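Presented sequentially are two complexes of subunit A, the first with subunit B as partner and the second with subunit C.
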Partner chain A sequence: MNKLTLGQRSALYGLVCVTVVYSFFPIYWMIISSFRDDNSLYANFSLLPGPFTLTNYEVLLELTDYPTWFVNSILVAFGTVCITLVMSVLIAYSVTRLQFRGKMAVVGVMLYAYMFPPLLLAIPLFSLFVKLGLADTRLSLMISHCTITLPLGVWLLWGFFKQIPLDVEEAAMVDGCSRLRAFVLVVLPLTLPGVLTVAIFSFLLSWTDYTFALVMIGTDSLKTLPAGLDTMVGMYELRWGELMAGSTLIALPLLVMFMFLSRYFIHGLSAGALKG
Partner chain B sequence: MRGERVLYSIFSVAIALTALLILYPAYHALELSFQDLDSFISKPVWIGFGNYADVLAMPEFWNALGRGLVFSGTTIALQIVLGIGFAMLLDTAIPAKPLVRGITVLPYLLPTIIVALTFQWMLDSTVGVFTQFVRLFGYSYIPWGESGTVAMTVVIVLSVWIWTPFVTLAFLAGLQAVPGELYEAARVDGASAWQRFWHITMPQLRPVLTVVLLLRAIWMFNKFDIIWLTTRGGPLQATEHLPILAYRKTFEMYEVGQGAAVSAISFVILSVLILFYFYFFPLDEKE
Partner chain C sequence: MAVVELTGVTKKFGDVLAVDAVNLAIEDGEFMVFVGPSGCGKSTTLRMVAGLEDTTAGTIKIGDRDVTELQPKDRNVAMVFQNYALYAHKNVYQNLGFGLHVRGTPKAEIDERVRRAATMLGIDDLLDRKPKQLSGGQKQRVALGRALVRDPDVFLLDEPLSNLDAKMRVRMREEIAKLHAATRSSMIYVTHDQIEAMTLGDRIAVMLDGRVQQVGPPLELYDRPANAFVASFIGSPEMNMVDGELIQKGKVASFACEGFSVAVSAQMRSLATAGQKVTAGIRPEHLTFATSAKTGFTAEVELVEQMGAQTLLLCKAGLAPLRALVDRDDKVRNGDRVRLQAVPANVHLFDPGSGASLLSD
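Presenting the complex of A and B:
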């Protein structure tokens, strides 16, 4: 790297500051607004944090359906992650290990499905759930989320599994392992980073989804957080303190995960794990 | 090889479930578009291309298509320009690089509901922080609730804010792959920074640019949630594009068949883009 002049360096640092403020200010503003009471929210325009109060969070957790939505979100996300992991590991592994005609079509369909916008799938899926008597249930939402996470999982894991040479498990099988044991003991540990990436992004996609939740769930008590919070906008006069507290709480798990698992996030994101 | 039979049976079951989950709904969407339905529980009547004829005769459809092109074209162009800028910046020797990179990526991870709510709060016509800001310049507030153009600008800005990191990360990865010798050689030949960017960086990043352009086009053209959450397609349909039209037809006007026809048309446009993607980036089992 050649030396920068003082002027160039200050310009560079200036650009970095602008980028950071641009990306972070809305998040910062959401968080500090959530800790302000009504008086300061509607009268105090200080850009610095404070005054500090927990009133918004207390109201949100005690007087609204927020805790119910939180539980629903956790249930749906957990179910989605489990289904996705099992199915995508099985499909991706068998696609890389089996030899048959048209197997690339499977990967192709997965990639195709992965590019599908949620709304285009949500409407026909809802119609099918109505026919099956599953409409307006958390299970239907879980299944809908799998239509995004499963193609993603197969796609990412296909990339992982195809890099693991067949010799590795064949060696284990020669030594007397069954195919299943060879898979669980030898192949799976090698692809653990991939599996973890799929788990993280399945959680993320399910946790942040609004479109499917809007179409699938009508009953308030079955809604997940994003759709639930949206009904609060329509119902009352705009209670910005509580809405910002609700937003902060939705973002919190993501921010914490991002801090500790940023390596997997960056890897997954670079592989295009968040459609959108 | 041993264990193949087990593998085949697991595979078939998994594939059958996937087909049920993904291919059948896609087929069902097409099926719905050929039926006359006023709700999901009424008895369907097959009407052939009737819905398509109705939809194509509606001015709303063409307006929505136009708005969708404006929205996706503008957002894609801005995302790519900004994304390349951020990637170049993050590729230089800046302080606290991992932290800065993490912060730049953050908007992409946030749920759209949060982004929509936070920006609405910042744009609030009396106490929003942006409103306070424009008052310094003598404006009273940003009329995104009344003016169609302003509303469209706002959803474009929000979409650029959220989805630029996708472009940034793609180009950042691409930049790592450009051989350093090329820059050295250009420097020796006396090329300026701009010439190095235009004659080395950009040609080297051509494949990345193609994939980013295609994926952004595929996703931005059908973006639903951010616009719906911010403006509901308003004011006066000023931000209503095809996905919102499809949603409103289906769930607000109870014209399920017509809604499905709008979706099917988007679906065809989308498929053309995806076929381009497969054409440029054929699947390769070895790598």
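Presenting the complex of A and C:
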């Protein structure tokens, strides 16, 4: 690659800075707002952090259902991750390795479903859940989330499995493994970055979903965080302090996850999507 | 006792017949080589022995057991793949011990066998490395070692040297030969390289279009090829094939075509009638410069290839193109006219239609 001139380099850095500020300012604002009292929130606000108070967090955790929503969110997200992982690994593996009629149609249809906006799927799904007696349950929300996470998971893992040479699996089978054991002992460890990517992605989608949560869950005690926070936006009252504290707490697990797993995430995305 | 016995083994992929009723017995301790051009069914046959492909028809026996319907894991065979097929997430030690590990062999025994195989293959200082830290030759040694530690009934090797460079290929070829001599295990080796086949095999099965064309010791295939395909496939440079007819002059029978004629052996003569259309096969190394002006025939040199100890001449005798591999000759030039001869015993005759050797009738 050619060396950039000083001017080009400065322009590039400038562009990067603008992008970073543009993306991070709302997050920054959310965090510092969550630590402010009403006075500095609505009146004398400044761009710099402070003054500090934990009142918003105390109110949020003691006077609202926030802890319940948090548990609900965790349960739904983990459920979604588990269902997605088991199903997408099995589907992606069969689509790559086995010969059967309509194989490509399976992948095609799944990707097609992925293109629908969630709201379009949510309403027919809800009426389906009502008929099945699953309406207003956490399970219904997990299943709804899988309509997005599963196609994505299959698509990503499909790329990963295609990269694993068939030889390696056959070598394991000749070495004494059944197909399943060869898969668990040899194929799965080799696709670990892909599996982790799918897990992170599913968690992310489920954790931050608002649309499905709003449609599927009516009972307050079953709501997940984004839908729960929404109930705090009253008709006559907007409690920004608590809202910001709630949002900060939603973002916290994502931040931690990214810190530890971003390497896999980025590798997984590029390997699965581009090389596949 | 035959260790591996194939009876009527057939494989169809859809409508394509990949392997056509192969009957073959590999003896205990024998090194059998399947050789043929790509798509001839040699690898498919090997994979059926391994259990990686189902058979469409026929039976496969290993020892006394009919393994036709068994899973690969239950056949007690070991296989070396063309692309090494090492487990990328395991180190060399774990790669070598994997087969024993999944069979529940005690740790102490795994350790002993892994170290013994590693020493045998000269990879004992690589045991902690991951496959991606190894060279091609080292990878192939690990792949061989993985088969070796298992002590299987039969070793299956699917073009194990194809991915190596020419020098490394020769070295590994020698090592495989030594390994076989040391272990006396039964081995089936698939290759498209006739030199590998000739140098390694106790016996060679030459395959074409899913059928075994001829099975026999390397020199038997070289001396008495069953048909024109085997004749031209075995031996390098390739055998010269010329269409012509058999003629009789007094007591001497000879093959004649537009351009030259050579005497044939009495045995060949007895198998054909005068005037019969035949294809003659003469190996380039069996064409030599004529000892006198009265013997042999004239050919015009079109190209000279110096190979060091020998000189390869591409000539034309009349219309017939011929290659002659003669002792080193520094003087011969393009456009020279030379006299070539072949002893009758080295002139093979084939049926021009079926390609079958007249000897095989």
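One rule holds in what follows: the second predicted complex is superposed on the first by the 245 of 276 C-alpha atoms of A that agree within 3 Å, B and C clash if a C-alpha of one lies under 4 Å from a C-alpha of the other, contacts with A are read in each partner's own complex, and residues count from 1 in each chain.
The working rule: contacts are C-beta pairs under 8 Å (C-beta built on N, C-alpha and C of every residue); 3 or more make two chains touch, one makes a residue touch a chain.
All figures in this text were calculated on a predicted structure; none of them were measured in a lab.
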item	value
Contacts of A:20 with subunit B and subunit C, given as first, second, both or neither	first
First (subunit B), second (subunit C), both or neither touched by A:189	second
Partner chain(s) touched by A:207 [first = subunit B, second = subunit C, both, neither]	first
Contact breadth on subunit A, by residue count: subunit C or subunit B	B
Subunit B versus subunit C as contact partner of A:173, first or second or both or neither	both
First (subunit B), second (subunit C), both or neither touched by A:243	first
Which superposed partner A:165 touches (first subunit B, second subunit C, both, neither)	second
Set of subunit A residues, in rising order, touched by both subunit B and subunit C	170, 173, 178
Complex interface listing, subunit A residues touching subunit C	165, 167-168, 170-178, 181, 185-186, 189-190
Subunit B - residues contacting subunit A, complex	1-4, 6-8, 10-11, 14-15, 17-18, 21-26, 28-29, 32, 40-41, 86, 89, 92-95, 98, 100-115, 117-119, 121-122, 124, 126-127, 129, 132, 161, 163, 165-166, 169-170, 173, 215, 218-219, 222-225, 228-229, 243, 246-247, 250-251, 256, 259-260, 263, 266-267, 270, 274, 277-278, 283, 285-287
Footprint of subunit A on subunit C - complex, ascending	50-52, 71-73, 75, 77-79, 81-89, 98-99, 102-103, 146, 150, 156
List of subunit A residues in touch with subunit B within their complex	1, 12-13, 15-16, 19-20, 22-24, 26-27, 29-30, 33, 41-43, 45, 47, 87, 90-91, 93-98, 104, 106-113, 115-121, 123-128, 130-131, 135, 143, 146-147, 150-151, 162-163, 170, 173, 178-180, 204, 207-211, 214-215, 225-227, 229-230, 233, 238, 240, 243-244, 247, 250-251, 254-255, 258, 262, 265-266, 269-270, 272, 274-276
